[in-house]
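Take a look at the following structure, please.
For clarity, chains are labelled A, B, C, D and E in written order, and residue numbers in each chain start from 1.
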Amino acid sequence: MLKFDHVTKQFGELAAIDDVTFEVKPGIITAVIGPNGAGKSTLVNMAAGSYGVTSGRILVGDTELQKLPKYRIAHAGLSRTYQNIRLFDGMSVVKNLEVALVPPRVGSLIANTFGLSGRAAAEERRARCHAVLERLGLAAYAERQAGSLAYGQQKLVELARAIVAEPRVLLLDEPAAGLNHGETEQLKQHILALRAPDLAMVLIEHDMKLIMSISDTIVVMNRGRVLAQGTASEIRTNTEVQEAYLGQPGAIKDIEAAARGRRNRVRIREGEGLTWHQP
Amino acid sequence: DILIGTAGPTTNAEALFGTTWQNGMELAVRQANAAGGVQGQKLVLVRDDDGGDPKQGTLIAQKHCDNAGMLAVVANFNSGVTIPSSDIYNRCGMPQVTNASNPKVTKAGYKNLFRPIANDLSQGAAPAEYALTKLGAKKAAIVHDKQAFGQGVAEVFRTNFTKGGGTVTSFSGIAQTDVDFSALLSTIRAEQPDVVYFGGVMPAVGLFVKQARELGIKATFFAADSAFSPDFIAGAGPASEGAVVSFQAPPYDSSPALKKFAADYKAAFGEEPGPYSAYGFVEASIIIEAMKKAPAPLTRAGIVSEIAKSDFDGIVGHVSFTPEGELQKPFLFLYGVKDGKFDLVK
Amino acid sequence: MENPARRASTPPVAATRKLWPGALAMLAVPVLLLIVGPHLPAYPLRILDMILLYAILGLGLNIIVGYAGLLDLGYVAFYAIGAYSWALLASGQFDIHLPFALVLLTGASLAGFAGILLGIPVLRLRGDYLAIVTLGFGEIIRVLMNNLDGVTNGPQGIARIDEAHLFGWTLSTPDDFLYLLVGMLVVVFLFVWRIQASALGTALSAVREDQDAARGCGINTTRVKLVAFAFSAFIGGACGVVFAAMQRFVSPESFTFWESLVIVLVIVVGGLGNPFGALLGATLLILLPELLRAYADYRLLFYGMALVIIILARPRGLIARQFGPSWLMRRLGGGKC
Amino acid sequence: MKVLHGISLEVLPGEVVCIIGPNGAGKTTLLRTISGLNRATRGSIRFKGEEVAGLKPYQMVRRGLGHCPEGRRVFQLSIEENLITGYVPGRGKSFAELRDQVYALFPILGERRHQSAGRLSGGQQQMVAIGRALMGSPELLLLDEPSLGLAPIIIHQIFEIVLKLAESGVSIILVEQNIDLSFEVADFVYALEHGSLQCSGPAAKMAADPRIKDIYLPGLDGQDSH
Amino acid sequence: MGALILQQTINALTVGSIYALIALGYTMVYGVLRLINFAHSELFTAGAFIGLALAGALGVAGHPTGGLLVGFITFVIIGLAGVSVEIVAYRPLRGTSRLAPMLSALGMAVVIQNAVMLIGGRRPLIYPSFLPSGVIDVFGAIITYKQITIFLVAVILMVALELFVNRTNLGVRIRAVAENAETASLVGINPNMAISLIFFIGPGLGAVAGILYSSFYGVATFTMGFVIGMKAFTAAILGGIGSIPGAVLGGFLLGFIETFATAWMPVLTGGLIGTEYRDIFAFSVLVLILLFRPAGLLGEHVSEETIVYKSDF
């Protein structure tokens, strides 16, 4: 569905993306992982039209996205979430979602505003937004100002905004960053529930547990190139990937050992037990 | 009390003109009160700031109209404000004496509107004649500030100068707020005109003349009324020497009446009179004189018909009006700057 | 498997709120104005007219500044275009004497068109760059009016403009204009209210909050801004026509940069993005200098101080963005929405 | 809006304290209150024996506090300039010394020292933010979700740094979602919910408590990612 | 012809220097607070008036060396005034919205202008020149020492400020505050100190510009700030907001556009378009330049992904 075809992105000297080719198929979840600065967000930004493409093509079906202005890319059925949240802070949560449902043509926009059908259309938009909020468990926040929500809730609102227009391609840039285990678990359920035969999903994440448990295929990027592609287990055991990204399996053990060693030496507040401040 | 209203610019770039103009009226009112007032009542001058803004001018006009005790106004200072405000004053029959010099001001034919000063037609014509005949000038460069007044007189000058056989080498507009004329002056210098006419007000006039001399332009400079002020000579310094300025009033030291006025003014306000102070005084006097003659009880209509019949010697000259409300015999004087002082040349 | 994102939508959670009592309460304002207004002496009445005129201008500018978040420092240009339309099409200048209703429409449309013409090249500029270009546009229009002597009569302005007649009714006294302005206010108010509540309003808010994200959501920001500019300019133009009909004289002096600033002040002091804010802001900003007349020389000094104090006291404006019938009902109804 | 309710918490010298809690629990608000960005409505904050409630953040920093805020907040200056902003003179080490330490920790930053930090990838920006906080040679370091958006390999590195800093006597308050590792590294844990303290205790005991496991560590006993 | 072009170039450089001097103050403040400091132009006027009063009190009117002293004292006085204005009228508004402080600044501009009018009077004041006098004749064009001095001052101040902002640690900290005062505070910078410093330097520079300006033209009026301020601000935008060399470049460019438009527009259009169209021409060039360089001549064009501020106002 979404295809990167020999895509290159140059920032001055730096080739942030260097001749990348891969395809994202509908109906499955494609994860993109890689070290910081590998170029994952750049890929998303190019697909969504935030960055121009230095060379190569990005296709959804037959449509060449790199030729379209950004808003047309959205109309072509691609939507995304941002690594650094970009909600419309001063607007209510529903309004945030409604933005994605604004009629694409200015003519219909004006007709909608002053015509008779406007009210019905507005009601319908609202209904769709509420339905999505309901599904993501955000219904209670519908009228809250988006900017006043806690980080995790904002991330969910962004997800809601991205799906309300029923996209064909959904790009999620680190949706779980900043979420705790429980929330990540919820998010995982939401993402799994979104899986549909006509929806191509790209998931960028650093949360390996999530990635490994949810993705159907994984693309590993490094220094602007595709380092490897495969299933979770293939990736997990790929030594190149370990070296560049996951770290040696032993690394965690080392930290744990160092921490234990220190704790044994320092022994701060050893004697205290657990205190429950609330029943 | 009998109220006389006035409105003029007292806070914007023309604030100096407006304020000293109103001070002139104030002086006339004070002197009338000292002499016993009118019909046993005291006169009060209600001063307002119209900011040179037509919109404010109309609001003030309405305010003055609504005030039943207000029997006459001296308003406004600027033509652009007088035109819309005269419409309102006309509706409430308010006697209106204006200082606005644009010829259009009296075109509406309002019977309650009077202009006791020369309009721009004479102000532009006299210098042109003087340049052609007395100075024998052939080429003139004309500059104006793109304001109603400045452009108006400049155009009159142009018409008269060409009609008299002279050539106009250039006719350029500047912005009223400009301070740097070097670019334009460099061009004018290349045209080598005999005279340069500047239609505009202070402080631009002063800067213009000064910068022209610095660039080595030798032509004789002509400027319109607002340059008739010590500020012009001080501002332009030695560069002002030889410049010719037109003004509707004789110099403050030219007659005993004006000398007395200048002294009284200084005593009352602690500063030298401004260029339009004598006019403010005359304009207020016209109203006061009319009030004195009008039958009791005083009404606006009564005062209007008395002003129309005005026939007396004001401190700047004889006052009597045509049916259009213009001065019967508009007076205009040309002054040359000589040894740092204004000297009547005509 | 069915795409769950396309599941049939459930009915909206929020039931249609009972807004009309609140709306009715607000309708009281124009009705009151119409009843009380004509009994006022002419001077306050004329001030009231000015307040209404600036309120309408504020409503118009609010579309750009308050809703779309674009600072327009040259709004006076549209106002000037409207004013000169009436001055040129209904005066001795060219001896054309068109009816008021027609010119109202023409002038407003011309202004709207100018808005589009300006908008097309400049709307991709951001923030202060846009502000300075609009400022430049305002100055360009004013200088043009001042220079095209053959058309606009230059700095001399156009005097003795026709008296306006609307459907057989002569507009000349301040109370004639009161009726006209109240009528216009209601229409324009409903117009902007509708914009605010519609998809267009949502799109504009999104542009205000974050243009890039808005584009990402499929909003053609340039077009939407253009529409906002056009509407806003249209209203400004209509106000200009009325202003010229009221003054029966126009000259470039009435359309300076300061005038643009005053209109921006009206909406910022009143409350950005709220139509009631424009009303309150206009009341304050027109009334204040008149009230301060008594202080003569100190008038503007106090005016400046008052501005600073008001802004310091209510930096987000006197009226909150959210204020409206539903907000009012919520407050009156004890917090339950 | 009242976000925190009567929280009492203590950090000892050289201790690593971890604060956990669901989104919106008030963890960030708590850190912001400590560093003076938010003012405590009531109560007292003592730092090195001195009452500091009401001090401005920069005053806190000059007394030895470092705060690496949520969401990175790097300046759109070059990397090196970002480090300059974080340097607090008169706290012992020279600028060059501290800067080289940071570059040693994150070599990529050294390589790009003159590049604008605004153009770094998310994770690289996080490194800048941490480095900048270290430039003040803090005695108490507040880290608000430092591992956010970092590759696993870098997260390991961050936790190693935390350990190293603690070894050298710096006290650390760590707000983390990555609970598995945090519980290993921390000495003491505070659990926050809805703005109030729910539970506190030594990390080891916390990790062992079934109730805590239920709430905060679902699936910890499941598969490890490696 | 050659002499004329040379003369006009000199004229342009002089006018440009004056715009640049004022633009520097705008840019300093703007760069830090993203605030259009409408009061700047009025502090510029106030500076000229205070300078005049000081010169009278010290009896040094017209002496270049006395001028240095007067300039220094005026810098400090107006600098402190600027700091107070910031504390009173802008600081309480920090973090509210962008328009509020801007309009508060507008209010302050009205206050200062009227205060100057009430204290200094409505009369244009004749200004003694503190600049050295004398002329050089270069190929038929006249250059005055005054022009040279003004040009040099503009360039020197630009270089000094640029070095200060980019090469000193204090400058870096100020830029950090400019971007985000809260975060700056978190890394140990006292934002208020940094902002006060800016409001000392910016208006102080404005005051010096006021003295130079009035010395150059020989007159000071209480209304002189508004228009020149607007032009200087335009110059600052043209050069790229917050960019110090940009402000100077913008100032010079505006000077050139105005001068050459005045000089040659009537000639080129055969008198069809006269000098009165100068401002239109200037603004049109501004629009054109911004269309091709939407962030000004030297402004850095940040990509949307890295933009700090989500909304414009």
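We adopt the following convention: contacts are C-beta pairs under 8 Å (C-beta built on N, C-alpha and C of every residue); 3 or more make two chains touch, one makes a residue touch a chain.
If you want to know which protein each chain is, UniProt gives these names: A, C, D = ABC transporter ATP-binding protein; E = Branched-chain amino acid ABC transporter permease.
Quick caveat: nothing in here was measured; it's all calculated off a predicted structure.
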Both-way neighbours, i.e. chains that touch chain D and touch chain B: E
Length of the shortest touching-chain route, chain C through to chain E: 1
Farthest-lying chain, centroid of Cα atoms versus that of chain C: D
Most widely separated chain from chain E, with each centre as the mean of CA atoms: A
Between chain D and chain C, distance of the C-alpha-averaged centres to the nearest whole Å: 50
Separation of chain B from chain E, taking each centre as the mean of its C-alpha atoms, in whole Å: 35
Mean-CA-position distance for chain C and chain A (Å): 41
In chain A, residues with contacts to at least two other chains: 50, 86, 89
Touching two or more other chains - residue numbers and ranges from chain D: 119
In chain E, residues with contacts to at least two other chains: 114, 274, 276, 279, 304-305, 310
Residue ranges of chain E in contact with chain B within the complex: 4, 7-8, 11-12, 14-15, 18, 114, 117, 122-124, 126, 142, 144, 217-219, 221-224, 226-228, 258-260, 262-263, 266, 274-276, 278-279
Interface residues, chain D side, partner chain A - complex: 12, 14-15, 20-24, 28, 70-71, 108, 119-124, 126-127, 145, 148-156, 159-160, 163, 166-167, 177, 179, 181, 184-185, 187-188, 193, 196-206, 209, 212, 215-220, 223-226
For the chain D and chain E complex, residues of the former touching the latter: 35, 37, 56-58, 61-62, 67, 69, 73, 75-77, 81-82, 84-88, 116, 118-119, 132-133, 135-136
Chain C to chain A touching residues, read off their complex: 1-7, 9-14, 194-195, 197-203, 205-206, 208-210, 212-221, 223-224, 226-227, 321, 337
Residues of chain E touching chain C in the complex: 30, 34, 36, 88-89, 92-93, 96-97, 99-100, 103-104, 106-115, 118, 230, 233-234, 237, 241, 274, 276-277, 279-280, 283-284, 286-287, 290-291, 294-296, 304-305, 307, 309-313
